[in-house]
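My questions all concern the structure below.
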Amino acid sequence: MPRITITVDGIRYEEDVEPRLLLVHLLRERLGKTGTPIGCDTSNCGACTVMLDGRSAKSCSVLAVQADGCDVVTIEGLGADGSMHPMQRAFHEEHALQCGYCTPGMVMAAIDLLRDDPDPSEETIRHGLEGNLCRCTGYCNIVRAVKRGAQEMGQEVRTS
Amino acid sequence: MAMRFEHEFTVPVPVEQAWAVLLDVERVAPCLPGATLDVFEGDEFTGRMKVKVGPITVTYRGSARFEDVDKDSHTLTIKGSGKEARGAGTASATVKARLTPAAGGTTAVAVETSFQVTGRPAQFGRGVMAEVGQKLIDRFAASLAGLLAESSHETPLAAQPPAATEAQVPTPAEVPVEAPVPAAGAVATGGPATPGAAGERHLTAVPEPEPEPELRPAGTLRTSRSPDEEALDLLEIAGAPLLKRLAPVAGALVALAFAIWLIRRLMR
Amino acid sequence: MIPARFDYLRAGSLEEACQALAADEDAKVIAGGQSLLPLLRLRLSYPTTLVDIGRLPGLSGVEDRGDHVHIGAMTTHDEVMRSPVVNAACPLVAMATATVADPAVRHRGTFGGSLAHGDPAGDLPAVVLALDGVLVARSERGERDIPAAEFFVDYLESSLRPGEILAGVRIPKLGEGWGYHYEKFHRTAQAWAIVGVAAAVRRSNGAIQEARVGLTNMGSTPLRARAVEAALRGVEVGEQVRPACEAAAEGTSPPADLHAQPDYRRHLAKVLTYRAIGKAAGAP
Amino acid sequence: MTELDAGLVGEQIAESGQIAEPTGRGEIGRARRRKEDARLLTGHTRWTDNLQQPGMVQVMFLRSPMAHARITRVDVSAAKELPGVLAAFSGRDFADEQGSLPCAWPVSEDIVIPDHPPMAVSEVRYVGEAVACVVATDRYRAADALEAVEVDYEPLPAVMDMHDALTPGSPKVHESGNKAFSTTITSGDVEAAFRDAPVVIDRTYIQQRLIPSAMEPRAVLASTDGDTFTLWSSTQIPHVLRVMLAVTTGIPEHRLRVIAPDVGGGFGSKLQVTAEEVLCLLLTRRLGRPVKWSESRSEGNLTVHHGRDQIQHIRLAAEADGRIRGLRVELLADMGAYLMLVTPGVPMLGASMFNAIYKMDAYEFACTGVFTTKMPTDAYRGAGRPEATFAIERVMDELAAELGIDPLEARRRNWIRHDEFPYTTISGLTYDSGNYEAATERAMALFGYDKLRAEQADRRDRGDPVQLGIGVSTYTEMCGLAPSRLLGMANYGAGGWEHGSVRMLPTGKVEVITGTSPHGQGHVTSWSQIAADALGVPFDDITVLHGDTAVAHKGMDTYGSRSLVIGGVAVLQACEKVKDKARKLAAHLLECSPDDLEFEAGAFKVRGTGASKTIQELAFAAFTAHDLPEGVEARLDSDATFDPDNYSFPHGTHLCAVEVDTETGMVKIRSYVAVDDVGKVINPLIVEGQVHGGIAQGVAQALFEEAVYDADGNLLTATMADYLLPSAADLPTFTTDRTETPSTGNPLGVKGVGEAGTIASTPAVVNAVVDALRPRGVRDVQMPCTPERVWRAVQGTRGGVRS
């Protein structure tokens, strides 16, 4: 069984894994990181999106062995010092979640899209989120939240 | 998912000679790409078939048998069915072949193939199995054409691979026949770089005619009576023994039927 | 859904990877895995061994090599669409890549992986075909150049031989005066193209001097709309373009599936080709 | 606080700073951010699949690949030999104990409710039906072992088409035949209405089959200590489920606890008693270990009940001026292979809604439920009402087209005017309140109706290949299900109530317990707002408990937009009872008569003096119980069960503009305006969110979604790659607004909002598509209006209907 080293939310793990073990199952069932849920088996829904070496990836479509040596950030590792990430706060403020199942992936995708465009238009946001499905919100408030999160993240950068 | 294909071609051998080859399962079976014959007894033969398309692999295990072999009209039917070796799905196929003497001591061959696939490979909108089936049957027909034609060359049987793998199956271009002509509407597996050669996609998702179902006692059926009885029957259906005590509660649950009052009222 | 068991080899060198593939016909290369993982999870694919080439040096990156651009097979879609070299020298590749799946998939999925997968509904095969790309295969025996026209053999099948790995793609630079457009038609942003048209047009003096048209999902492989290309030669940008595009579906055998019937796809091919040519030619 | 007469514990509490000052009113109507969010946003979630138990094992089900077949052999022996496998079973192994999945809604006298074993024993009737299962140490081992189970089938004919199914000689799904039930409702003289009618519109619409697609796939975890059983399930209905599971499995109800932990959406799909829930309980009983089942999406597309699937034949007779004389509706409703919890009731929920907001003299409704070899249908967001609303709103547009008048004018000539409420409709429902004029006027203004009509005319004149279409939907719906009194009249016992209770904690904090079971709707926040206003305690001092039958012991759960209208009111009433108790205690402590007290801003004040007791002080006094009046218990805790007299009837006007590319058939929504009247609003943010999500699902039915079976019964849309759900990139921003006509049926004046958007939006979108193409002779496009269907409609071939 291959042994991999992986850093998840700042903690380094060494795990022996079956080659076929999916990254999302490593997170959920080995490491107890159940904040990242699974919504489909064809990489369509995006619920399992995490940051893999700094870019969004669907953890259901990555083998754990492929993530050997990588740095993973999940929704559980986003905030710092017990406070939420500005994007998480923006989702709260704009009521951008209902059942919350898509939320971890959606927040990750939102943060990722700001990397390319820190002040995105509505269209940019909608296309940046095309790989993440939500069944509750109709996306309107998610789009608002991403705009708000972008502003707040921009301000944080400016003030820090 | 059901598919039906028709192929017609002419082979340069007399009909009796072609007929003899057609009955030779050990030679015909390998014409099906990926097929392996394991056992052949009487009219029935068992084997495996590995269907491979790019990264997609489905292996079936199953059996087939000759039916309706009529040497006078030179027609036969082969019926086969199999199950996925590793999944829950099934596949079944019916191949009807008809040989007709044609001009100059040649034989016209008509092959009608229909098959049905169930299980995961059939549960896709993009028609994976349609692609697979099309290719499979085209290659089968092409190889069969080659085999029947080959008999005129008196090629020893050994020349035929006993279990042709997909890679070894000759493509039509390699088949040494003059004209394995696809029937109108059928398509030959021509090189894709020459799409102009391809005709109309011949794919029909037709439901197979099914035999009349045999009637047999199925589950418990009931018709409803008064609402009170219905409440109790609900519990009976649920099938637990200690229901009499629970009847009032379940009666309340029947009231999930929240609009019934209205319907009843209107029905009067 | 859970993949079936397989062995895993993280190749230390391309040679090692080629050997492993040559030794076992049921071994399978994994690059980014974005096409393969769903198939594994649905248990539609049962490789004995996955040969991971994801960390091999030298397979990734975009290089300007004078008369062509070389795109390493393991370059991710995300890297391709952002590459200044690609955007400058073969923007059609960048345009089409930006429509592949979604951002997260583009971070993992690779240029070479998409081409080797050989899905006629994929966006990149038609583009590489239209641009007369050359696919570079590596094996224990060395390197082999495969013109795109010979690479895509059938539905999900390429002309890569057992033991061969796609190492990179050379996209010839078309030079000055060319315009490009990839017109993708799909029902939702995530869905496969019902039909896609990759167009490159060289225009001078208001007329089309040369056109390249690649079609996505119009057959069991990506196709060139040669008849359109011929008909467009010398045509002035304007009214005459549309009749020339009427030949777009000539020689195609589009699939019938849940999302469209062949006659509709043929119709779309014409309309979308017209639009793609118009946009590539800079028509208003 | 100094007045508190407290002991040591009490002093500590008093000094802890935990006891808040009371607050005034003002929570209701406030856009409070949700209390639920923080956990969900940081991954501290309790989805069923997140839960672990010591010794837990994983079950997976082998599912039938055949739509219809006799099971001739199931052999699980090889699976049992594999590493990590604890057990493997076939349906036969459960035959004696698995019972039959319940149908709680026998809608007619002639209904046939076939036996529905959770695991098929002798025959399968849809692709996906469970035929065997494997229990292993983890899901990887279980998935491997499933491949070793051998099943032989003898194929039987699939029955896929409803018309064919009802044809004599058709293959049968069940021995009794393919008709599940039939029913007819008549009101007024329908014959007379149609006789010599100047205008008759006769249309047939297809309500395609949908897959609800809640983002969280189902999951079940069952465990036992040998005596009691606990079942965690991703369900909307823990309370109903508990009773039904007790009945089905024979586990006594008092030894069975059902918990709905975090539930990731339902939309009706988790309003069910599922085979997997029953089987997990049986497995834990048999194996003595916790057993978990986690559904995969492709498994769920096959086996989570589907929605809609009706063929609607609708005829409308009208006067030459457009006034409706009568309406005739004939439905064929696809039940699928079995009748599940409310399967046959779904079309009947629309039975009295086809007449919608319109006045007419006669109405006839006939419905036939048909068995086919497909996954059973059941409740999906709106359940029966979207179907009805679609048909009538489509036909109103057709009427307008026939008469050459604006579609809104056709509606104006027929709708119930605001001064006519309460109004008893032709189908016998009494609409309590509404103002269709106001909602429509507001929607038209927001939409820029006249300007868009002008643009439409211009594009038509220019022969623009991209045509503009404008779609109208003036809907109402029936929610707040349901009044038990009326059910009682029909001899069906109780059923529509909801329970709420309030626990006043010693520190003045409040626990609200509700029998509703939220899964995204924000009940914790909204119920807190209701209780905060009623009790005068701070919003943050309230917690809401739900979804666990051991905590919330009574409830009828969450579906049919009932939670606020019934459950929210129950919470309010429980709060009132708390105050009644507190008043007595306050009077005692303040040495006055209860009648001298007025309750304001969370405190009882003696009229004319400054003396007062806050609700928190009283809670503490009840806790210490040092000085209680005669006959008063040492608690203020109270509970209430609310049962309304009538349904509630939200309504609204939705307007949709689409651009239709006539060359490709692509439809793009240009703008969408929704003005809804859902009565009083507790939290406008949550209401808006419900409307947004509802519209998105309705738009998705109109444009994207369809569960497609092939002729053999294989589901071609088993994955999300083929069952197309819209992403953010596929939908526009919706403009929403509200008018507010309070419901007269409950003290909060609320009407319910969960399904309104879905019910309203589908016809608005399709009306817009047809409106764009009407000059080209198109009068219908079948849903979903895919580019291909639209293109064919333009071409005048199949997929669309031309006049």
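The letters A, B, C and D name the chains in turn, as written, and every chain counts its residues from 1.
The rule is short, and it goes like this: a contact is a pair of C-beta atoms (placed from the backbone, for glycine too) under 8 Å apart; a residue touches a chain by one contact, two chains touch by 3 or more.
These are the chains along with the protein names UniProt gives them: A = Carbon-monoxide dehydrogenase small subunit; B = Carbon monoxide dehydrogenase subunit G; C = Carbon-monoxide dehydrogenase medium subunit; D = Carbon-monoxide dehydrogenase large subunit.
Values in this document were obtained by computation on a predicted structure and should not be read as measured data.
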item: A-C compared against B-D, more contacting pairs; value: B-D
item: Chain nearest the overall C-alpha centroid of the shown protein atoms; value: D
item: Farthest chain relative to chain B (centres taken as mean CA coordinates); value: A
item: Chain centre separation (chain A, chain C; CA means) in Å; value: 29
item: Centroid spacing, where centroids are CA-atom means, of chain C and chain D in whole angstrom; value: 44
item: Rounded Å distance, chain B centre to chain D centre (Cα mean); value: 41
item: Shared-contact residues (touching 2 or more other chains) in chain C; value: 1-2, 4-5, 38, 42-43, 189-190, 192, 258-259
item: Two or more partner chains touched - positions in chain B; value: 86-87, 120, 125-126
item: Two or more partner chains touched - positions in chain D; value: 139-140, 147, 296, 298, 708, 716-717, 719, 721-722, 725, 727, 729-730
item: Interchain contacts, given as pairs of chains that touch; value: A-C, A-D, B-C, B-D, C-D
item: Contact footprint of chain B on chain C as seen in their complex; value: 4, 26, 28, 35-36, 39, 42-47, 117-118, 121, 149-150, 152-157, 192, 219-221, 223, 250-259, 262
item: Chain B residues within the chain D interface of the complex; value: 1-2, 83, 86-90, 92, 116-120, 122-126, 205-208, 210-213, 215-228, 230-231, 233-235, 237-243, 246, 248-267
item: Complex contact set, residues of chain D against chain B; value: 62-67, 70, 98-100, 102-117, 122-123, 127, 146-147, 150-151, 153, 155-158, 160, 171-172, 174-176, 183-187, 240, 243-244, 246-250, 252-253, 298, 302, 341-342, 345, 348-349, 351-352, 365, 427-429, 481-482, 484, 486-487, 489-496, 560, 708, 710-712, 714-719, 721-722
item: Chain D residues touching chain C - in the complex, by the definition given at the top; value: 139-140, 143-144, 147, 296, 298-299, 663-664, 666, 704, 708, 716-717, 719, 721-722, 724-727, 729-730, 786-788, 791-792
item: Chain A-facing residues of chain C, complex; value: 1-8, 10, 30, 33-34, 37-38, 40-42, 50, 52, 54, 78, 101-105, 107-108, 189-190
